[in-house]
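Have a look at the structure that comes next, please.
Chains: A, B, C, D and E, in written order; residue numbering restarts at 1 for each.
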Amino acid sequence: MSQRALDVSALPTIAYGPRASIWWGVLGLVAIEGSALAIVGVSYLYLRQNFVAWPPPGTPLPALGAATGDLVVLLASIVPMAIVDRLARAERRRPVAIGLGVMVLLGLASLALRALQFAGALGCRWDSHAYGSVVWTLLGMHAAHVLTSTLENALLMAVLVVGPVERKDFVDAHVNAFYWYFIAAVWVPTYALVYLAPRFL
Amino acid sequence: MSRAAIVVAAVACAACSGRMPVLDPGGPQAARIATYWWIVFWLSALILAAVVAFLLHTLAHRRVAAAPASLVEDTRVERRLALGVAAAVGLTALTLVVLLVTSVATGRALRSFGGTDPLTLEVTGYQWWWDVEYWDPVPSQRVRTANEIHIPVGRPVLVKTRSLDVIHSFWVPGLHGKKDNIPGHGSSLVLQADRAGTFIGRCAEFCGVQHAHMQLLVIADQPEVFDAWLQAQRRSAVVPTDAFARHGFDLFMTGPCALCHTVLGTPAGGRRGPDLTHLASRRTLAAGTLPNTVGHLAGWIIDPQAQKPGAQMPGNAFGADDLSALLAFLGGLS
Amino acid sequence: MSRVAALACVMLALVACEREHRRFSEVAPASGRPTHVTPQPSRNPAEGNAWAIAQGKQLYEAYNCNGCHANGGGGMGPALMDATWLYGSEPQDVYTSIVEGRPNGMPAFGGRIPDVQVWQLVAYVRSMSGQTRFDVRPARSDHMRVKESEQARRPERPVTAAPSGRP
Amino acid sequence: MPGAQEIVDWWNAGRRRHRRRVAALGVALLVALLTIIVAVHSDHHALAAVGEDGQWLRAAGDYASTRYSPLAQITAANVRQLRPAWSFSTGGARGHEAAPLVVGDTMYVVTPYPNVVYALDLRAGGGTVRWKYEPKPAAAAQGVACCDVVNRGAAYADGRVVFNTLDAHTIAVDARTGRELWNTKLGEINRGETMTMAPLIVRDRVLVGNSGGELGVRGWLAGLDLATGAVAWRAYSTGPDRDVLIGRAFRPFYAADRVPNLGVTTWPAEAWRIGGGTMWGWISYDPELDLVYHGTGNPGPWNPDQRPGDNKWTSAIFARRPATGEAVWAYQLSPHDLHDYDGINEQILLDLDIKGRRRKVLVRPDRNGYVYVMDRATGEVLSATPFAHVNTSKGVDLATGQLSLNDEKTPVLGKVVRDICPAAPGAKDWQPSAWSPRTGLLYVPHQNLCMDVESVETGYIAGTPFVGMNVRMYSGPGGHRGEVTAWDPVNARAAWKLKEPFPVWSGALATAGDVVFYGTMDRWFKAVDAKTGELLWRFQTASGIIGQPITYRGPDGKQYVAVLDGVGGWAGAIVSADLDPRDTGAALGFVNAMRDLPAHTAKGGTLWVFALP
Amino acid sequence: MSSTVGPTSTLAPGEAARETLDRAALERVWSTPPGFLGWLTSASHKSVALRYIVTAFGFFALGGVLAALMRLQLTRPESRLIGPDLYNQIFTMHGSTMMFLFAVPVMEAFGIYLVPLMIGTRNVAFPRMNNFGYWIYLFGGLMLWTAFALDIGPDTGWFAYVPLSGPAYSPGKRVDIWAQLITFTEIAALVAAVELIVTTLKMRCPGMSLNRMPLFVWAMLVTAFMVIFAMPAIMVASTMLAMDRLVDTHFFNPAEGGDALLWQHLFWFFGHPEVYIIFIPATGFVSTIVSTFARRRIVGYPAMVLALIATGFLGFSLWVHHMFAVGLPQLGEAFFTAASMMIAIPSGIQVFCWLATLRGGRIVMRAPLLWALGFIALFVIGGLTGVMTAAVPLDLQLHDTYFVVAHFHYVLIGGALFPLLGAVLFWLPKMCGRMPDERLGRVSFWITFVGFNLTFFPMHLLGLGGMPRRVYTYARDAGLTTGNVVASAGAVVLTAGILVFLANVAWTLRRGAPAGDDPWGAETLEWATASPPPSYNFAYLPTVDGQAPLWSTQERPVVTGLRTDVREVLITDGVDATPDHRHRLDGASVWPFLTAVAATIGVVTALFTPWGVTIGSLLALVTLTGWFWPRGAPAHETVEQRP
C-alpha cells in the first residue's frame, strides 16, 4: 500500500527555467510578441513590393548612428542581465536590486536612442507614406517592449529595495531576464530589416 | 433526417437548375465550372450517403450497453476498426486527389480561353454602379457606358476590372465566376457567351450601404446586332431641337445633373455618376435597381433615396413642368 | 434573455446621440430650385455628424472645390484651412458663399447643389480649420498625403478679414 | 462693375469707331503695305534687332524673341555702378509678370488684374503718369485664373497699345491719349477662359490666345484686325482640321502627323472640346518666311488616363501664316503629355551654323526639359538636348520626332508616382530666355523642381478646374530650386549655370554690353557677365521679381534698365494669394516647394528703373 | 445513467479524519470571497469559466436575435423593414458577436473550466490573469453592444475589408469600435491560451504523460497554440487599421504605397485558423461524448492526436482560399487548393475514428450523444461543401454567395454549436450537480436539427441561384423568394429548438435530479470529484496510469504533502508529468479587475485620440504595480527566513 499516497512535501517550492510555470508563461508572451513582430516584418516586405525605390524618393536611407548605438546597448545589456539572472538564482537581494538598477539605466539609454531614431534618423513621419508607417510601427512596437521590460525591472527593483521580499521575486527577476534576452535578440532582425535591408533591397 | 434533406435537395437542384445561373451556363467558362460542380456534387452526395448510412446502420444494430465501460479490448475488433478507418482515410485521400486534379484542370482550361481577338472591356466598380469602357485602338472610337454590357455571341470578351473607391467584385454567374475589383490592383477575366440572352451580373463583394443594389446586365447579341449597337453608342448626343426638350436640356446643363453626369456632345462632363449619353437605350436604372421607364426615371430623379437609400445621387427639386421637360430630354438620349 | 436585450437596445437607441446617424432620406428636396438663399436651419444638421462631414469631404472633391481651394491650402481660390475667413466663418456665411457665390471668382452653386449637400460641404469646410467637433472630423483620405487630416487639426480662431488686395 | 458713365463712354466710343472704320481700314492697308516692303527688304538682322532707337515695342523686344538689346552703355565693366533712377508703384499686389514697353518718350506698363495700363512720361527723368487706363475686367475672372491673375505685357504698333485683360478681352488704346480704340471680347470666363499673354502684332494682325488649360478650356490663337479689333481668324489647338486651320498648306515634317483630323481621333470621343491646348505663351515671327510660331499648352485634364491618345495638338509648336492663321507645320513636343508640360515657351528664331550648314532655326527651351533646335521652315527637329535634370523621358528620336518616355514616371490612377523631374511647371515655365548674338549663348531662366503625383479621376464642370492630379513639388537634385543656364544651341551644351535658391521666375535680358539681367523671387535684381555668368551687380527690390527686365534709351540718351517687382505667379502664389503652406497640394502642388518664400518677400508691385549715374 | 463507474476516493480508511481536516482547510484557502467583491476578485478557474460561459451564451442570444432580424428582413423581397444602414450593422454585429464574443470565448471557457479538472489540479496556472481576461472580454463585449445601441455599431462586416473600413469610406467611430473589440477579444483569448498551455503542460497530475491526456485536453492545447500564432495577425492588422483611421498611417492606402490585399492576407491568416480555433475544441467535446456513450476508448487515439495537430498546422496554410477571387498566380491557386482540400484528411480521420468508436462500442443513447451524432452528419455536409469552395474554379462561382453562408453555418453551427450544446448537457451535471431532462434534451435536439437544416440548406440553393452575401434585400424577380421564405421559416423552428434547450438548462439548474459524481459513467478525472466540484477541485490530487483513469479498475495513489494553508499546487514535468516542485498560486485580488478597467478606459479613449494609449498605459502602470506589489507573503517564503 506504500504507493497509495505520493508524498510531495519534500519537493522544493521554487524552480527556475523551464521547470517554473511562469517561465512558460513568459515563453507564451514571447511567442505572441515574436509572432506580432514577425507579422509586421512580413508586412514591411509585402509593402516593399509597392515601391519602386525603398525608401521612396524624398526619404533618405535610415541613418545608422542612433540605431547602431541602440544595437550595441541592447546587445551589451545582455551581459548585466545574465549576471542579474545568475544572482537571482542565488537569491541575493542586494546585488540583484543593483543589477536591476543598471538594467533600468540601460533600458532608458535604449529608449533615448530610439527617440533619436524617431526624431531624425528615419527621415520621414508615420503618415508620410506606407514605408514611414511600417517603419515607425516596427520601431515603436519594439520600443514598447523595451519600455515595458524596463518598467518591470524598475518595479521589481523597487520591490527588492522596499520589501518584503519573497523567494518568487527572484524567479520574477529570472524571467525578466529571459524576456529581456528576447527583446535584445529581436532587435537584431528588426535592426537588420529597418536599417540594413533598404540598403540591399 | 439529413438523408431526407439531401434527397429533397437533390430533387430541388435538378428541378431548379434552370433558374440557377451557376448551373445554367451561357458560355464555355461557366459550362466548365458547372461540369466540375456536378463532379463534386455527385461525389459529395455519395460520401454523405455512405457516412449517414453507416451511422444509421451502426445505431440500428447497436449492442446493448453493459453497465461499466471496460478498458479490456478485443484486439481483433480493434484491428478491424483501425483497418476500416485507414481504408476510409485512404479513400478520402483518393477522392481529394481526383478533385484536386480536376480542379486544376478546370482552372487551366478557364485560363486557356481567350482567342486572339477578344473584345476588351474595362469595368470600373463604383459605389454603387458600374462604369464600362469598350476599348479600341483609336481613342475616339472607344465607348463608355454604365451598368449594361453588350457582347457579341461567340467572341471572347476580356474584362479588365478595377476600382477607385472600395473593393467590388464583378460577377456574371451565367458566364463565369467572379473577379474582384481592388483599388490599387488590376485584374481581368475572359468570358464568352455561346447563346444570345440577358445575363444578370452583380457586385459580389460587400461594398457598403447599397451593395444589394449594384447589378449590371450582360446582354449577348448576335455579332451584327452587337456591331450596330456599338456603332450607335459611338454617336454623341445632339442638342434637342424641340423647345420642350430643349428646356430639359438647359435644366440638365445648368442644374445639378451636369455636375455628376456626362452626356457626350454637351457641356455635361461629370464623372461621379454614370454616363448618360445613351440612357434611353438602357433597360434598367440605378444599376439594375429599377426598370428604365419614364415613371421610374421621374421617381428616381426626384427621390433616389427612397429606392436606394444611401446612394450617391441626391434628391432633386424639380417642379412638374421642369421634370417633364427633363424627362423629354433624357428620353431622347438613345 | 434575448427579448430583454432587444428591449434594452431599443431603449438605448432612443436616447442615443446622433453623431453617427446617417440621414439618407433627408437628401430629398422640399421645393423648387432656389434662386436665392433658402430658409436655413438655425443649426447646421451636418455639423455634428461624422458621416455628413465625410460626405461633405467627398462632395468637396466631386464638385471640384479642391480644384480652386486645393485641400484647404488654396490656389485659384483662397485658403480654407487657415484662420482667415474672408466672408465670415459661421455656417450661414459659408452656406451663402456656396449658394450665392462671391464676386471675386467664387461661382454660385445655388440650384446646382441640393441644400442638404451644401450643408454637408459647409460642415466639411469648417472642419478643415477645426471649427467642428474634433470627434466628427474626417481622417485621411485614400489619396496622396497632402496635409494633416482634419481630425488632427487644432482649431484655429476664425478671423473675418476683408479680401485683401482684391478690389 | 463699371460705372454707368463708363458704360456710356464705352458705348459712344463704339459709335465713333464705327464712323471711322473706313479711315482706319485705309491706314491699316497702308501700314500693311509698308510692313511688307520693309519685311521683304530686311536681311537676317531684321530678325534679331530691337531698333537702334532704343525702344522696346513688344514684350520680347523683337520678332525673333531674342530679348537682346544693342544698347551698350551699360557694360560688364560699369554695371556695378548701376543704381535706381526712379521707381513707380503700380498699386497692385499680385504677380507682376509684364514687360514694360518703351515707345519714344513714353513707357507703358500693364498691371496684373485689374489690368490697369499706365503711360509714364520719361522726359522729366522720372515716371510721371501721362495717362491711366482702367479696363475694369470682371472680378469673377480672378476665380478662373489658374496661376495668379498675372498679365505678361502689352504690344505696341501703329500708335496703339494692345493688351489683354484677365476676363478675356483684347483692348487697344490710343498710345498718346489712353483712349480706348476697340475692345473685343474673345472668351467666356464662365467656361474658364482668361487671357494673360502679351499680344504680338504682326503687320495688321494682333495675335492673342487664351489661358485656362487647367479648366477644360479649348485652346486657340486668334488673329485680330489691328485697326478694328475684329477677329479675322481663330485657330483652335484641338478638334477637326478646319477648326485648327489645317488646310492644304499643312505639311508637318513627320509623316505620322500628316493624317487628317488628328485633333479629333487622338482623343476620346468629344474630349477635344475640353482638352486644353491653350495659347498663353510666346509668339515669334519670321518676316522672311512670313510665319508666326507659337506653342500650345497642356492637354486637359492633367490626369492622362482620362484622355488616351496623343491629344493632338496640345503641347505642340505651330507655324502659321499670320494673315490667315493657316497652319504650315506643327510638331508635338510632348504627345499625350503626362506632366503638364505645356508647350508655350518662346521660340527664338536664329540663323545658326548647324553641322556646318547655315540654317534658319527655331530654338525652343521647352518645359519638358529639352532645348529643341528645329528647322523653322520645315518643322524638322535638328537636335533636342536636356538642359536640366530630366527623368521623365529618355530623349527624342530625331528620325520620328518622338519623345521616348520613361514608363516609370507615368502617373498611375490612384497611386503616388514619385520623383518626377522636371515637375509640372517644367524645367522652364513661361519665363522667357534671352539670346545674345555676341556670345552665341541663350540665357535660360528656369527652375529645378521635381514632384510626386497621384492622378485621380475628375469630372468636367464648366468654369471649374479640370485637373485630376494631386501634386507635391520639391527641389530637384542639388536642393536649389532655380537655375539660369547659358546654353550654346550650336554645340547643344550648357556654357555655364547659376544656381538660385528659388525658381528663377523672371525673364532674362541680354545686352550688347555683355550683361545679362534677371530677377529672383527673393527680391534680387541681378546682372551677370554674359560670357562667364559672374555676378556683377545686384539690387534688392521691394518685392520678389517675376517680371521681364527690359532696357531702353531714354529721351536723355542714357541707357536704362527697367523691371517690375511684385511676387506672385504660380510660383509666388503662396505670397500673393496668402496660400496655406500646410497643404502640400496648394496651388497645384507648387506651394510645397515654396514654403519658405513668405519669409523672404512680401506682396508688392513696383516698377524699378535703373541707370548709370 | 446514475450508476457511477470507478471509485471516487482512493483513500485508505484510516485517513478519513485527516481528510475532513484537509477539506475544511482547503475550502478556507481556495474559496472565493463572498459577495460582490468576491465576484470581482475571484481567482477560481471554475467561477471565472462559468461567468465566461454564461456571458458568452448571453452574447449568443444577442447574436441570435440579430440573426432572426436578418431572416425577418429577408423573408420578403424588396422588404423595407430594416434599412441598409442598420442591416449592415446587424450582420456585422452578428458575425463579430458570434465569432469574437461567443464561439472563441465559450470554447476557451470550457477549457478553463474542464482542463484543470481533467488533468487533476486545483486551478489554472495564472488565476489572476484568468480573471483579468474575463473582465477584458466582458468590457469589450459591452462596449461593442453599447455602441451598437447608440448607432455606432460597426457596419463593414466581421472581416472589415479595407478600403471600405478605412478612414475614407467609413467615417465616424463605427469601425474603430470594431477594431478595439478585436483588441479586447484578442487580449482575452491570448490570456486564456497562455493559461491553458501552461496549465496543461506544467500542472498535469503525476502520471498523466502527454500520451495519456484526454482528447479534449489535447484539443484545447492545440487550440491554444493556434490562438497564440493566429491572434497576433489580427492584432497587428486591427492595430494598423486603427492607426490608419486615427493617426493617418498608410498601411492600407493604395495611393501612398499601402495595400488593400495586405489586410486580406493578415485577416485571413487569422481568420481561417479562427474557424479551427472554434472547431477543434468541439471535436474534443465529440470525442469525449462519443467515447463515454460508446462505452469504450476512442479508436485510434494517436491518430486523433496527430489529426488535431495536423489540423492546427494546416489551418495556417490555407488562408488564401478566402481570396481566390482577387486573382492569384496559377501555382498559388493549385497550392492553396491542395492545402485546403488536404485539411479534409485530418477531419476525415476524426470522423472515421468516431464512427469506428461507435461501431466498436456499446452505445448508450443519451441526449448529449444525439447532439454529437447530429454533429457528425452536419459536419460532413459542411466539410464537403468546404471541399467544393476549396477548388478555385468552383469557388469563383460560390465565393461570397449564400452557398458559402450555408457552408460555414454547417461547419460552425453543425460543427461547433451542436457539440457545444451536447457538451453543455454533458457537463451540466458536473457544473451544477443536477441532471438535465433527457426528454427535453432530445426534443430540443430534433427541433434544432430540423430547424437548422430548414434554415441553412436552402441557402446552398440560393447561392447557386446567384444571391450574394451581405445584401439587405433582393429583387422580386430574382427567383430567390422561395428559398428565403423557407430559410426564414426554418429560423423560427431553429429558434424554438434553442429555446427548448435553454428551458431545459433553466429547469436543470432549479429542479434537476441530483447528479452524483459521475452520472454518465465517464472516464476522465473531472468525474472523480464531487458535482459541482469543491473550490479546490480535489482533496488530494489524483495520479493516473492510463488514458481512461476512471474506467481503470486498479486503485491509484493520491498526492499528499501539498500545503493546505496556502494555495499550493503541484508543478510537474511537461512531458511525462513527474512531480517537480510545489508552487504557490496567487489568490483573489481586485487588481486584475482594476487593470481591466484601466485598459478599457485607455482603449475607449483611443477611439478618439491617440493619447488614449498613453492614458491607458499610465493607468495600467498604477494598477499593475498594485497587482504585483507584494503584500504579506507567508513567512516561510520571504527571503529573510533563509539562513
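A few remarks follow.
In this section, contacts are C-beta pairs under 8 Å (C-beta built on N, C-alpha and C of every residue); 3 or more make two chains touch, one makes a residue touch a chain.
A quick note: this is a predicted structure, and the numbers were derived from the prediction, not measured.
Shared contacts of chain B and chain E, meaning chains that touch the two of them, come down to C, D. Number of steps on the shortest path from chain C to chain D, with steps defined by chain touch: 1. Path length between chain A and chain B in the chain contact graph, taken as the least number of steps between touching chains: 2. Looking at contacts between chains, the pair that accounts for the most C-beta pairs is B-E.
One finds 54 Å separating the Cα centroids of chain B and chain D.
Distance from the chain C centre to the chain E centre is 46 Å, each centre being the mean of its Cα atoms. Averaging Cα coordinates per chain places chain D and chain E 74 Å apart.
Our note on geometry: chain A versus chain D, Cα centroid distance of 63 Å, whole angstroms. Residues of chain A found to touch two or more other chains are 50, 56, 127-129. Within chain C, contacts with two or more other chains are made by residues 22, 24, 62-63, 140, 142-145, 148. Residue positions 165, 183-184, 209, 259-260, 272, 309-310 of chain B are each in touch with at least two other chains.
Inter-chain contacts, as defined above, occur between A-C, A-D, A-E, B-C, B-D, B-E, C-D, C-E, D-E.
Those residues of chain E that touch chain B in the shared complex are 3, 5-6, 83-85, 88, 156-157, 161, 163-164, 169, 254-255, 258-261, 292, 295-297, 299-300, 303, 325-327, 330, 333-334, 337-338, 341-342, 344-345, 348-349, 351-353, 355-365, 373, 376-378, 380-381, 384-385, 387-388, 390-401, 446, 449-450, 453, 457, 460-461, 463-466, 468-475, 478-479, 521, 523, 546, 548, 551-552.
The touching residues of chain B, counted against chain D in their complex, run 138-144, 164, 183-184, 234, 236, 258-260, 262, 264-265, 267, 269-272. Interface residues of chain E, counted against chain D in their complex, comprise 254-257.
The touching residues of chain B, counted against chain C in their complex, run 165, 183, 209, 254-256, 259-260, 272, 302-303, 305-306, 309-310, 314-319, 322.
Note for the complex: chain D touches chain B at residues 216, 264-270, 274, 306-309, 413-415, 456-462, 466.
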